[in-house]
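Two complexes, one shared chain (chain A), two partners (chain B, chain C).
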Partner chain A sequence: MERKIGVYICECGPNISEKVDIDKVIDAISSIEDISVVEKYKLLCSADGKKFLEEQIKKQGLTHLVVAACSPKEHEKTFMEVCENADINPYLLQLANIREQCAWITEDKDEATKKAIRMIRAAIGRVRYHSPLDKKEIESNPDVLVIGGGIAGIEASLQLANTDRKVYLIEKTSSLGGLVTNFEKNFLGMKPISDTIDKKIQDVKNNKNIKIFTDAEVEEVIGFFGNFEIKLKNSDEEGDPIGFNVGAIVLATGLTLFDPKNSLKYGYGEIDNIITSLEFEKMNKTGKISLKNGKPPKSVAIIHCVGRDEKGYCSEICCMYSLKFARYLKDKIPQVKVSNFYSDLCIPGKTHQKFYEQTKEKNVDLIRFTDVGITKNKDQLNINYKDENGNKKSLLVDMAILSSAVEPATDASKVAEIVGISQDEKSFFAEAHEKINPVSTSTEGIYIVGGAQGPKDISSTLIQSEAAAGKILSSLVPGRKIEPEVKVSHISESFCIGCKTCISVCSYGAITFDEAKKVSVVNEVICRGCGNCVAACPSGAASIKHFKFNQIYQELKEAVK
Partner chain B sequence: MTEKKHNADVLVIGAGIAGIEASLMLSKADRRVHLVEKTSYTGGTTIKFEEVFSNMECSTCMIAPIQQELLQDKNINLLTLAEVEEVKGSFGDFTVKVNKKARYVDMVNCIGCNACFDPCPVSLKNEFEEGLSERKAIYVPCAGALPNIPMIDTENCIRFKGKKCTACQEACMFEAIDYNQKDEKLELKVGAIIVATGFNIFDSKNLPKYGYGKFDDVYSALEFERLYASNGPTEGNIVLKNGKTPKSVAIVHCVGRDEKGYCSSVCCMYSLKFSHYLKTKLPEIKISEFYTDLCIPGKSHQKFYEKIKETNVDMIRASEIEVTKQGKEMVIKYNNGSGKKHTHSMDMIILAPAIQPSDDASKLAKTLGIDLDEYGFFQEKSLEDSSVVSSKPGIFIVGCAQGPKNIQDSVSQAIAAVGKILSPSE
Partner chain C sequence: MSELKGAVVSARSGTKETIIELLEKAMDKGIFDGVIVPMKVPAGDSFAYVFVKDRSLLKESFPLPPVMFVQGAKAVSSVTRLGEGNMKIAVIMRPCEVRATIELAKLNQTNIENMTLISIDCPGVLPTSDFLSNPEKSMKQFDEAVKKLDDKIMRPVCQICDKSSMIAGDLHIGTLGAKKDTFFIISNSQKGNNVVEKLGIKLKDNLDSWHNKVKGISEEKHKKRKKAHKDLKSEVGGIDNLVETFSHCINCHNCMKACPICFCRLCYFDSDKVKHPSEDYLERAESKGSIRFLPDTTLFQMGRMMHMSHSCVSCGACEDACPMSIPVAQIFSMIADETQGLFDYISGRSLDEPVPLTVYEEEELHEVEDAND
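So, the complex of A and B:
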């Protein structure tokens, strides 16, 4: 079909017309070959302007459209819609931004006019090489895999499951509930944690749409958002491996504690009656706090920030749970002397300081240290510390509790590898955007919640689980098809030399290697069109739709001619 | 929601980053959203920041794309200059009355060229810029505000005080100025409500010892944010009131913490960010940060702190801080941990005031019929369960309206509230 390009220049009231001599522009452009029509209009984005444009496309029988107006950020969508209404493919449009990038910033009218001509010529040069791109639709599976049966995984499962959607909850241990089942109370309200977690576990078990696998692990994940194929390590009754399909995955693999054995100064594992915070939680939950010899301690030191220097971050929850420990102790052994050794008190949020003050009132000593270590002193322990002025001091106690830093669960790296997401430098799962996309990952359809994403308390964990559920419920709707990005990468089979450079630079796991043909292959459903592979490809085999070499080359050529 | 005939539409109150995120997510799920915003613009407090901690990403670059998406989203009915006046009904069936004030500028015809500003004869302090620059009676709060459509401040416009001025109308090429617009009373039917009304900062004038409002170069955190902002009153030049460049700056953490009774959770981090701002623009500047306890929770924050410390910022644990004048010099007096008194002269003092509920939180709580906590934030139903669930079914509280928090946690809560609304188990 013969190419018929229409060029429409928006005056944007005085915004463009005052700085750009539009009639001169029309003169300069009209003579270009295969330009059917060049016209100006007062305000193309107005209702009348859009109608005018739509009628023009139809009346002139245009095949391609150039609009010289404002930034694509403002109105690219507007003019793409006009194209659709006029029955031409919206990707056969090119916008020349002669307002923000020309009229508004170029003082001299002659200069601005010349620049506008170049910009429009560049747009024409480019649009000649545009190809129509069609939206695709693919079926999606609304079911969800949740990895980790702690409170994060349980909350996510409960928020997701209903008659239209199945949830597969995979827990590697033999029971649900995770870390919090070891706790007696939650520090916020000092109420029994079992009230919350036991009910949630029961709800998960009673929910017919949640299929629970305990003692189970995921072996393989292939596919993409809307269509993941999952294989478990476990087998069914007939001995066949268990597999199923889901549309999204929630990773709730939780956290573990920094092992104080890695820091010799605390004497952990060497000296009796030095226990970790988790060991203390467990002991407290049995109802009896006692020393190795079975007697209750008369004095206890709670050491904050154990492993903070080694990990390189503040674990956010230790100050609060250490204060909770002081309360546990005072509740169970009223006469016990409790000393909390802290470096900086980190008690952020509206409810925490009050808890701190209430704890202090119970006669708990709060001692700031700049350095701390533990040595044995007969049957007791010496807490050797430097106070904030650097003075060396010591305190004799019966028992020491080490409030250890939190770190990702031991198998986080393995899980990250299986599902194909990245970890940050601290080995927590990396979010898509730290601020505005904290539960998503760079792989669409895979979400991260709770301690697996970073240190956090139960309240924040619940929020993240509900947030991941929100992400899934809004994007993976039963019966709704998924529309993948259309401006995706393509790797030419004949040019690819099989070096796999593209695979190493793809952030989305969208490229695989065809071992038979020895070439890289783009999965167009996963590709987001970032262009990394195009930039990195040494053989010129990778190109990106709508940003092909020739399209950019022709645009630049005209701009600098 | 259950099989009952619930209204699927949602009201979101507040178009800051939490409200925007919630609205976009709901729209994605094909829900119709009414987004009610008190001011003339979207983006809330986040758009006042030049950069956000801890990766020092440009704040506008982070939020502008989602603001733009919001404006183009056909499922979202953005109502600016609007306030909720009455709420009746229950979860699934709320009737909401909204008062939408006239902007006097037509949102369709106006293209945001700003031609109407110059001829306006009125000039007054720009509240968005914390009073550090002036604006006209027809104005947008700052360059790049979205929607990029001015409003007429009728309290100060001389036409609305009876004069015959039509300066802005004459300057407009698009017939966008419409003096005849009227305030509208709207009635909306929704099934659920998300409250994302944000926060305010503690007024440092309540604590005379810091010299705020008394001495020229004592700034609140928000004032300093605008002073550094490239679209702010000085286009990002950090200058003293006398036009000179500061050589020494004190950043005081925890201002108002004792009075409020809680740690605001973000001040240590943004104070460290301020050091970064200052060192970027003025590498030679001497900075002292006065803190009580360093609260930098989370996996990525300590690294930022260590980076800042390397740039020669003095971190001083201090108490009994007082800002006074000795002759012409401003001095800061403090007690360090050892009980010793110190005095340093400072060109500039930046205060990091506590986060507190926004001024109209209690009024809104009454309108919505939800509880406030002892600090005046919206109260969650239970400390043991989801913090976005308010005391009234169907009303969810997110972001700093629920309690002080950073952007990540605000956004998480916003999406969590959407999860709650879309969840079949609710």
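So, the complex of A and C:
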């Protein structure tokens, strides 16, 4: 095929033109083989600029396009669209980033000009070997699977179902609501929350778009964003396994408590009247706060930071609910003496400080420790601690509440394996990016919300559920087809030696092994084109579209020539 | 590592003969369905790995031949590359061959599920060309050298091998530190324990004398190795010296073909990807003044280093295969030590250690980061 390459240099206002002698660049580039036209333009990304490019492509009959401008992160999509509008394949475009990588960082104008020439030459060298790639479209299923019927899963289900999405809500226990159903009041406002929770549960049950499965577990998930096939462990009335298809999955498997039995110094399970925070919540909500002998305690110690050293992270919520416990106690047994033992206080938030101060005003002692343990003293408990100065002290109390660190729910690992996402080093589900992409995972279409992603309170949990619902509603639109990644990896059957190295480095589970042929096979719909397999393949069988060996080689060759 | 268990075996009829008797017994008892073992060829002047199914042929086996024409790992992988068989197979090899087999197992190039890997204290092997010039004399010389623990006539890379008694497989035959007419049989796995137990041998003897002897030899060889590598580095280090060293290379790729770790179906350097249009060569000649043909010989060696040095077991097969007498194995053993050192990895030490290529550590390789960064 005869190549007609057009090179367009963007002045980017003064950004590029002041640092690069563009006329000199044009001179140096024009004589290169296959170059039909080299032109400069004030601002190619402007509406006029795009129109100019489109007309040029048509007028000059260009087959390939090189745009020397800014970072591809900024405008690659813009110029790919121009190509589409001008009826050339958008992958026959190459950008040379002469702004961020040249004009902005190279002080000397001569040097910058020389560098820009090299970069454009490299782009020309590369684009010559580009192949057209075709976009693919696949039908998508707009339904959603929510795993976990606690507050996180309930909220996500409601948000989705209210926009007429079909939601499958799977809960492994026999009832909805999860951990929060044990709470009488929430911290900050000290307002009863049962009514709110009960209402949400009723809303879920009454919503015709939500299909609830209790006592249910997911057995198998296969597929990809827009097309997941789900199989439950449970059977229907005829005894057939339950299965359905969804387009996205929300993981809301929640959290559990660090078991204080793992740390002998607290005497939990050995000595009476030492209970965990969750046991205290239940005691408070279902009956009255009492010792084993049925009498109300005269003094209670609430120990914060239980298991923090073992887990290696602060669980965020314990300080606040421990203060709430002090309030429960003072409200119900006005004469009780309450001492909160903490190592560090974690009370960030716009109304948290006030809550803390109000609690202190109710005669709650706050004692800082550097080490703490509990021993039995007749029918009472000795809280043995070291204060901030390292002095050993002791306090006699009737009851101790252990505010244990939170952990991911016990079968989080099993769920992670079934849906094919990774866990972080603390076994919480790993987000795509902790700061800037906190509810997505590395697998498109699978979202994580609530305690399964990390320790958090009810409001943060609701925020995440709403965020995940938003992500799903905006990316998985009924009737709209999904465009999977085009620049995907390919494994050559004749070169593959079957060592499976690629499978071990693929973050997306996109590679399977063909046992009959003893070769690895890429699922092009799941592959995100990261290139891990290409780098790791010891026998050169893996390659990635648009980053072919020869394309990179030619680019490099021109860059260093 | 767990404490090794071992037994002293009486070998009045000779070490080789006793090993053969044990193999025969194991086949009789159905512990093994077959044995892969080196054997003398009928002409008597060469050795080959043979897969023995007929027990009576075991008599001809030669567990410690004086040469290594074919690296044992290659023999093993050719049997099981396409998956495990139902047969229980014992393989007798040198420690470097066992380690290469384990590397290949990690890379799914062999399946050792049903295999019992048996290594033997290795005195080194003779360079192939030395042996072929006079097989009969060489065999005598080899026997003498083994008796005296003298490695001067062995492959240069054997002379600096500090892993010649490394136990990576299931069982190991220890001749070092053993009393007259005995050897040690040492188990390194549950599979090994079971085999020995079924043979009626109890793994309860003291191994101190073997350990001490091995420790002495490996420490001495380790020092020798360090020094040899240091000397070699001053000779071949740097791009100019490297190009000079490989300037005799005729691109035959024999080193690659003999290498147990080079398992690619088609080497990149044999593919069309390194065949460039003639303008490319013209350009290269223009920029450098001239280019030598055949081109890319150093590039081939460097590419091979990059691809396999993390798994190289320093067996020396490449150097023996080189028709141009380039000290490939010595150079590669030096590079391998450095590459593997970067990852705290020793090729073939254990099946449980993944090859470094497949392991991602956020904090690693600071030593190769850009110094200006």
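As a convention for this text, the second predicted complex is superposed on the first by the 463 of 561 C-alpha atoms of A that agree within 3 Å, B and C clash if a C-alpha of one lies under 4 Å from a C-alpha of the other, contacts with A are read in each partner's own complex, and residues count from 1 in each chain.
Throughout what follows, a residue touches a chain if its C-beta (ideal position, glycine included) is under 8 Å from a C-beta of that chain, and two chains touch if they have at least 3 such contacts.
Fair warning: this is a prediction, and the values are worked out from it, not measured in the lab.
Once the complexes are laid over each other on chain A, chain B and chain C both fit without any clash. Once the two structures are overlaid on chain A, chain A sits at the apex of an angle of 120° toward chain B and chain C, using CA centres and rounding to a multiple of 10. Once the two complexes are overlaid on the shared chain, A:Phe495 sits against chain C while remaining clear of chain B. Of the two partner chains placed by the overlay, only chain B lies in contact with A:Gln353; chain C stays clear of it. Legend: residue contacts after superposition of the two complexes on their common chain; A:Gln335 is shown touching neither chain B nor chain C.
Contact with chain B, but none with chain C, is seen for A:Ala469 once the two complexes are overlaid on the shared chain. Ranking chain B and chain C by residues of chain A touched puts B first.
By the touch criterion stated above, A:Leu345 is placed in contact with chain B alone, chain C being left untouched. Of the two partner chains, chain C is the only one that A:Val505 touches; chain B does not reach it.
Minimum C-alpha separation, chain B to chain C, in the superposed model: 11 Å. Overlap of the chain B and chain C interfaces on chain A comprises no residues.
Across the complex, chain A is touched by residues 17, 21, 25-26, 28-30, 52, 54-55, 57, 62-63, 66, 68, 72, 108-109, 111, 113, 115, 173-174, 261-266, 293-303, 317, 337-338, 373, 375, 377, 382-388, 403-405, 407-409, 411-413, 415-420, 422-425 of chain B. The touching residues of chain C, counted against chain A in their complex, run 82-83, 107-109, 263-266, 268, 271, 273, 283, 287, 307, 354-355, 357-358, 360. Within the complex formed with chain C, the residues of chain A that make contact are 494-501, 504-505, 518, 536, 538-541, 549-550, 561. Remark: chain A residues 12-15, 43, 45-47, 73, 77, 158-165, 186, 188-189, 191, 195-196, 308, 312-316, 344-354, 388-389, 424, 426, 428, 433-439, 454-455, 459-460, 462-471, 473-475, 477 touch chain B in the complex.
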